[in-house]
Amino acid sequence: MGQASIGDILKEKEKEQMRNLVATQKKIIELKAGEKIDAFYLIKSFDVKKTTAGKQYIDINLVDKSGEINAKIWEYSKETDNLVSESSIVKVRGEVLEWNGTKQLKINKIRAKLPTETLKISELIPSAPVESSEMLQTIKMYVEKIEDVQIKLLVNNILDKYNTKLLYYPAAKKNHHSYMGGLLYHSMRMLQSGEKLGQIYKFLNMDYIFAGVILHDVCKILEMDSDEYGVVSDYTMEGKLLGHIIQGIKEIEIEGEKISIDREKSVILQHMVLSHHYEPEFGSPKKPMTPEAEILHFLDVIDARMFDFEHALQGVEPGSFTDKIWLLDNRNLYKQ
Amino acid sequence: MGQASIGDILKEKEKEQMRNLVATQKKIIELKAGEKIDAFYLIKSFDVKKTTAGKQYIDINLVDKSGEINAKIWEYSKETDNLVSESSIVKVRGEVLEWNGTKQLKINKIRAKLPTETLKISELIPSAPVESSEMLQTIKMYVEKIEDVQIKLLVNNILDKYNTKLLYYPAAKKNHHSYMGGLLYHSMRMLQSGEKLGQIYKFLNMDYIFAGVILHDVCKILEMDSDEYGVVSDYTMEGKLLGHIIQGIKEIEIEGEKISIDREKSVILQHMVLSHHYEPEFGSPKKPMTPEAEILHFLDVIDARMFDFEHALQGVEPGSFTDKIWLLDNRNLYKQ
Amino acid sequence: MGQASIGDILKEKEKEQMRNLVATQKKIIELKAGEKIDAFYLIKSFDVKKTTAGKQYIDINLVDKSGEINAKIWEYSKETDNLVSESSIVKVRGEVLEWNGTKQLKINKIRAKLPTETLKISELIPSAPVESSEMLQTIKMYVEKIEDVQIKLLVNNILDKYNTKLLYYPAAKKNHHSYMGGLLYHSMRMLQSGEKLGQIYKFLNMDYIFAGVILHDVCKILEMDSDEYGVVSDYTMEGKLLGHIIQGIKEIEIEGEKISIDREKSVILQHMVLSHHYEPEFGSPKKPMTPEAEILHFLDVIDARMFDFEHALQGVEPGSFTDKIWLLDNRNLYKQ
Amino acid sequence: MGQASIGDILKEKEKEQMRNLVATQKKIIELKAGEKIDAFYLIKSFDVKKTTAGKQYIDINLVDKSGEINAKIWEYSKETDNLVSESSIVKVRGEVLEWNGTKQLKINKIRAKLPTETLKISELIPSAPVESSEMLQTIKMYVEKIEDVQIKLLVNNILDKYNTKLLYYPAAKKNHHSYMGGLLYHSMRMLQSGEKLGQIYKFLNMDYIFAGVILHDVCKILEMDSDEYGVVSDYTMEGKLLGHIIQGIKEIEIEGEKISIDREKSVILQHMVLSHHYEPEFGSPKKPMTPEAEILHFLDVIDARMFDFEHALQGVEPGSFTDKIWLLDNRNLYKQ
Amino acid sequence: MGQASIGDILKEKEKEQMRNLVATQKKIIELKAGEKIDAFYLIKSFDVKKTTAGKQYIDINLVDKSGEINAKIWEYSKETDNLVSESSIVKVRGEVLEWNGTKQLKINKIRAKLPTETLKISELIPSAPVESSEMLQTIKMYVEKIEDVQIKLLVNNILDKYNTKLLYYPAAKKNHHSYMGGLLYHSMRMLQSGEKLGQIYKFLNMDYIFAGVILHDVCKILEMDSDEYGVVSDYTMEGKLLGHIIQGIKEIEIEGEKISIDREKSVILQHMVLSHHYEPEFGSPKKPMTPEAEILHFLDVIDARMFDFEHALQGVEPGSFTDKIWLLDNRNLYKQ
Amino acid sequence: MGQASIGDILKEKEKEQMRNLVATQKKIIELKAGEKIDAFYLIKSFDVKKTTAGKQYIDINLVDKSGEINAKIWEYSKETDNLVSESSIVKVRGEVLEWNGTKQLKINKIRAKLPTETLKISELIPSAPVESSEMLQTIKMYVEKIEDVQIKLLVNNILDKYNTKLLYYPAAKKNHHSYMGGLLYHSMRMLQSGEKLGQIYKFLNMDYIFAGVILHDVCKILEMDSDEYGVVSDYTMEGKLLGHIIQGIKEIEIEGEKISIDREKSVILQHMVLSHHYEPEFGSPKKPMTPEAEILHFLDVIDARMFDFEHALQGVEPGSFTDKIWLLDNRNLYKQ
């Protein structure tokens, strides 16, 4: 409605240019042994190593949105070494090899992204399939559905407190939803499933389900240190010594007291967080004692499993099996 | 639309009369110690016993839709003995006592239901909250949603085969859904939940989910002997030696072969039945290897747990706990 | 040093009178089948029941410091019924019987304690072998040994907060140290042992050991409802839904923040409380990660086990075994 | 009886020639580090790889009847590459090295077997110590001992159905009896042991024992894909999703129905197959409920263990221990 | 061969008289509710009890070779009380009742066995189906088969040492072979099975198998206190604190040293005893490391299980199931 | 007191010279990547290996008192090869590298220790922080505290028997206290802790505690083969087949009989040894049945854990975590 500004036009041009770049480059997940490639990737980490014969080479882990691949630059030079740095974008030319069933990239040429090439880091970073801001809005819509004013206020306050970090935090260091925005995506899908199941099991108190889902993992933000691309370098000191379940309980206790929430409501929410891993050996010393705590556990595990199944079956030929998947008790999944 | 027939009118009168009868009588689950009662119940089982002092008395288990209570007739007489028989309806007058926290009925007067009293056995039998015929119709509606014609035909054939028994079979001998129509009710709610979750996890193949839900427990009909009131006297010989999972697999294999179903489809459905208990120690020697098999397990366990939670919390005062519930790992549930 | 006051003299007289009373009465733990008794006991609980033949009788549980015995008044009368009430002292005359290896008291005569009889409830209540005030003083002496001023202040504040209740709270509802003052006694002995082991393992930080011991179970006061005689009627709502470990962690977090304790110190103390049960299935989702947390666990379990062993072997003949002790994995202990 | 035919004579000559060949070559299991060798082996699998320095070499797994060894051809050439192919026999000259306790063959020279060299693949393939045809005959002799005509017919029909494959199928992909004819050998020895134990425990029904042994593993033929040398490339789709136990049960059900076997007999045999792994976590959701099912389990496990023990102790010096054996819970076996 | 002596004739007469007595009396295992009986039984234990109404009665446990039944004498009298004593034979007249599925004998008349009635205690005592002396001879025959003179001497010495007790010791306090001569019977059948399996698995060293079987349980004689009727009153002090496995090891060590047995042989035999329960939680801290130790375990468990199965299925109707059997993990066995 | 002898003076000079040597060399545990070193170490083991490119090199494991490091000599020569031998001291010059987080030494120069360099093997060997003779004396002082003369004699006899070996035996092949004198050090600290706890739990019999501690692991001397530097090459044959617990029991039995100790005392001590690992899966088929056996277990586990914690936290920066420690269930320890 009305004319596009110069800025808009430029931005649009940039987007197009980027789309072209991306179009000509192969997704890491789709690389096949024997293929030659010429593409932009992000350096996740690297190391200068030596062969057993004492020759130096550079070992790099490259990522794009689709996945990760290990690469080698066998011809070491000081200039190449200087060029390689963490979280920088490079253009690489090389060949895909296979080593004991694992793909590896032999890099023949590497150069830094030129300033004129408009690809941004965020475009190569693995992230949730929905925009973070959109997900956060969806989650806030569910908060609006909470009828109890105290619970609604508590949830809103905690969301506001972690507002910025929520936009990029993953749901885990490794495994399911360990990408930018993963925590939001995981929570959003659980809210959606929870709402649906509430239509079948009508005796459930939806206030607790919505609040419980949003609060159950929120203290992963305190448990792990993530950069703004959703990459977790490590757990925090408090995360290792206590863990996000305990941290979440304290969060509810303290934030609840600030708004003088009814003690019963606070304790029930804390109990939901405490029991949502269900088994002591997975971190829950108490089993769910309310139906909402019980269902919270299942929403959580279903979303994690569906993530794992969908992810593992990607790119598998119909009628064949995946390799053994450690995360899923070494099952071989079947793609029908 | 048009006139009611005489038959309709009579039926309506009977219904009203029955409603009155029921209105004046206390539900077993609501009986309180100290109360005098005067009501119709169904005799589930009885025994003539002796006190340690050698005096004869009659020990009866009475049920209605809401539950079960043990009763005693301390004054034995030959006439009373003759009057008491299994699955007959009696009117009892007496007093509710409490014995180590368990309620017991001391019967002072007992008589048979008069032919003029129109209460029917089915009205006292615990059963699913939805009419069996209605549930069966709902289930058939889901069959209609199956797109693969072979799978649809297979499911239809098996449903037709067990048509009559499905109308009254419980889902278990004891525990969750162990009442008339329980098998249908359990399956129906799982179909409804499965459909909902399919809206979130869109990569799921709904044909397998609908078929898997309907077939997962259907051979409980072969595993247990139930009378037409949904009361299971015992497991069958084949039920004990093999179990409904194995029986269900054979059913799919054989009925599938009859319609020359594609081998892959048959095997996938058999695998879903095989893996739906998830853990070897609960009867599943294989874990789910397809996402639909995985979700089937969760649909099953969620429906069972929601049944148990709802049931256990019935009649509990808000703000208090239930006793330890053996079925739920001795948890005390909290009623908020 | 100086003259005794009149009050002192009277108090002394009372004490003597009481000693005489106690002298003439048998300790419950020493009652033997066949014996006639005539003694004061405390009514812990009672119930009016009926024999299978319908005759009313009164079923009473009597206690003294040494133990508990079940008693029956077979001849029911309204007056007797009125006389019997919880937590009252009665004088009973009767005979000790044995029923399947369990002792039982047949009461022939029962009457209320006369006002002139000076026996007090506290003298019949099972309690720790050291005076509560003395134990509290000992514990405070250990607080004085804490060198870190923040930790010392934190511990002092929490002790002050629960000052009164500490004087009578037991360490458990059942099992080890489940008597008046049990919590203090358990903590005191752990402090003493901890101090000793610190002399061997010199790299241990005694501040954390002393603080950890005092705080590890202090929130049992919030987990259970105890009367002033150390008898726990039930767990609290928060106790059931969260448990004393979680409650203790929150206590340290909140009280620590109040005095702006260094975050590291607060988290380490919380971790000690979190990990002191050692195994997830016993309530600790994290294992000890500091040597002080590790040793805390062993101080706790050693004190509990020594209590159980000492208690179980009381009154056992040298050269013989106890019955199977459920608490100790059904071991039969040997008395050398 | 009469003269040898020309054919017989030639065959005899061939055999002698082969015996000479074999005589001059070392068994793989007996190779020692430092030894030079010049011998025929079968190529089980191979791969062209690169050293970390980028040099190509050929990695080969060689087998003979006695075992398997990894070999390297460090000097890559196109001709050598062409010569190397799976399941072909080659003559290799080289040296045995040792690498972290594992033997390895450094190949200096390699050539294809000449047509004039009469060694056959089957002569290098690991296989059962008894001829397959002889074992099958022994098994059929046991079928003859079955008195119940229905059970005998059922077993005969199933044996006939898998006749050809039985001659070469192994009993497993890896581990015990994973060689040509292993399935027959395992079954035969179990029949022999079963017969013996039946002489001690006379109440056992030998019909079920003989039939149960023959049927217990027969569907490994459907579970795994084996070539005619008893080498299993993979499990089948149905094998992975259901497993040989479930497949065996269906086999009995269907083949039983074809001959209208008494339902009880069919179900008992199915139960034997279902329960023969004994523990749920090993694939048996039901434990044996008949003495014959119980004994079947022990016949199975004893034969597997005796195989493992005999195999592991081969070549061990008396008075010394084997390495840790993963298959046997990391035991070190002792050779007396 | 030659004339019978007077003594022989008398003995023969006694035997006949006894046979008559036994013929006219019902076996306890065959008693049915409602039946009147008049028979000799052995008093295993008794107690004078009171009804809840305070009336005295005598509670008796009666046994014969076939089993055990609880009986009541409701009419207490001093004379009856005097007549009743442990391990005495009485003649009882009464009626078989059923109480919650358990049979009970209501005794109307009871008298002591007259001296002229020749029934002996041993004739009513449950015992192995083979004469003890005959079993001992069989076992000694197996000792003769041991080729190693040191091992043979060791086994002979230990057998001689426990000669007398072996004739009546049961193999257990409860459970399998817990009757007179049970230890011999259990060992004898294991020897027979071991010999048979040695014919299949020819690499086994039969010396160790025969010696291992004989020694594996022999120190149950030191672990339990049994009277000469094979009734175990209790475990010994050393039995409780160490157990028959440890006791057996020490026995072999010490007796072996006395005859200067080769150290290796002694240690291997000790290892067999140590590992024969196979699992740590059943008392074996080491798993079998020789094939003979491995097979010893299976001989042991097979004989125990066959005993349990045979025993449990006794008297069960073909086509029906037993009740749940605790000893066999609550299985319901099926009688085909 | 008086003049130093010439011998003393020389010895003193040697000591000083050695101290200088040691002063100029880096402790292995303190080596940092990038550092150049020039120091004496002991060769623990070595191997001549080949790079994948076929070049020979020497792989050496070097130790000093502080720890162990892997080293490589890339330039192989026959002379170097001759120089390198196990348990010899060498002077090495080289550079510390890091390889996947593990330190490695690249050796540029290596030579044998000159005879004039007075460093002794024992000065480089990892060993307990207290002199063995001093520790043995401390232990004997505890024996003196045993009041029961029989128990004291037994302990003294066993100590005397293993006198020499005790001076250097480690407490384990790997893990806690696996260094020269480790067995003495472990026992000594347990005695000290036991004495302390006996001051709190006064009902404990200190005779059994002192004797139990000294005897609990003494047969590790029979279970493992250690050289005089406390390096265990392997377990003994009897150690593998029976283990030090069983060996210790036999030791007490036999040595006890020699001095005619009261049977009860011997059995109680054997029970303490048997039960001190507490759990069947760790080698104790019986759980402690006396308070002294119970406490013995805790003394043992506390000393092992304190060793592991102290050791693991050595050199860790305050405020950071260790890597995952396999021995401690993969915990990351925190250094406050």
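Order of writing sets the labels: A, B, C, D, E and F. Residues in every chain begin at 1.
Going forward, a residue touches a chain if its C-beta (ideal position, glycine included) is under 8 Å from a C-beta of that chain, and two chains touch if they have at least 3 such contacts.
Protein identities per chain, from UniProt: A, B, C, D, E, F = 3'-5' exoribonuclease.
Predicted model only: the values in this text are computed from it and were never measured.
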item	value
Partner chains shared by chain C (3'-5' exoribonuclease) and chain E (3'-5' exoribonuclease) (touch criterion as defined above)	B, F
Separation of chain F (3'-5' exoribonuclease) from chain B (3'-5' exoribonuclease) in steps, with touching chains one step apart	2
Same-site or different-site touching of chain A (3'-5' exoribonuclease) by its copy chain C (3'-5' exoribonuclease), using the half cut	same
Averaged-CA centre spacing for the pair chain C (3'-5' exoribonuclease) and chain B (3'-5' exoribonuclease), given as whole angstrom	47
Mean-CA-position distance for chain D (3'-5' exoribonuclease) and chain C (3'-5' exoribonuclease) (Å)	66
Per-residue overlap in chain C (3'-5' exoribonuclease), given as positions that touch at least 2 other chains	52-53, 237, 240-241, 264, 268, 271, 289, 319, 321, 332, 334
Touching chain combinations (by label order)	A-B, A-C, A-D, A-F, B-C, B-D, B-E, C-E, C-F, D-E, D-F, E-F
Residues of chain A (3'-5' exoribonuclease) touching chain C (3'-5' exoribonuclease) in the complex	237-238, 240-243, 245-246, 249-250, 253-254, 263-264, 267-268, 270-271, 274, 279-286, 289
Chain D (3'-5' exoribonuclease) to chain E (3'-5' exoribonuclease) touching residues, read off their complex	189, 192-193, 196-197, 199-201, 203, 205, 208, 264, 268, 271, 287-291, 294-295, 298, 301-302, 305-306, 309-310, 313, 319, 321, 328-329, 331-334, 336
For the chain A (3'-5' exoribonuclease) and chain D (3'-5' exoribonuclease) complex, residues of the former touching the latter	51-53, 55, 74, 97, 99, 319, 321, 332, 334
Touching residues (chain side chain A (3'-5' exoribonuclease), partner chain F (3'-5' exoribonuclease)) in the complex	52-54, 237, 240-241
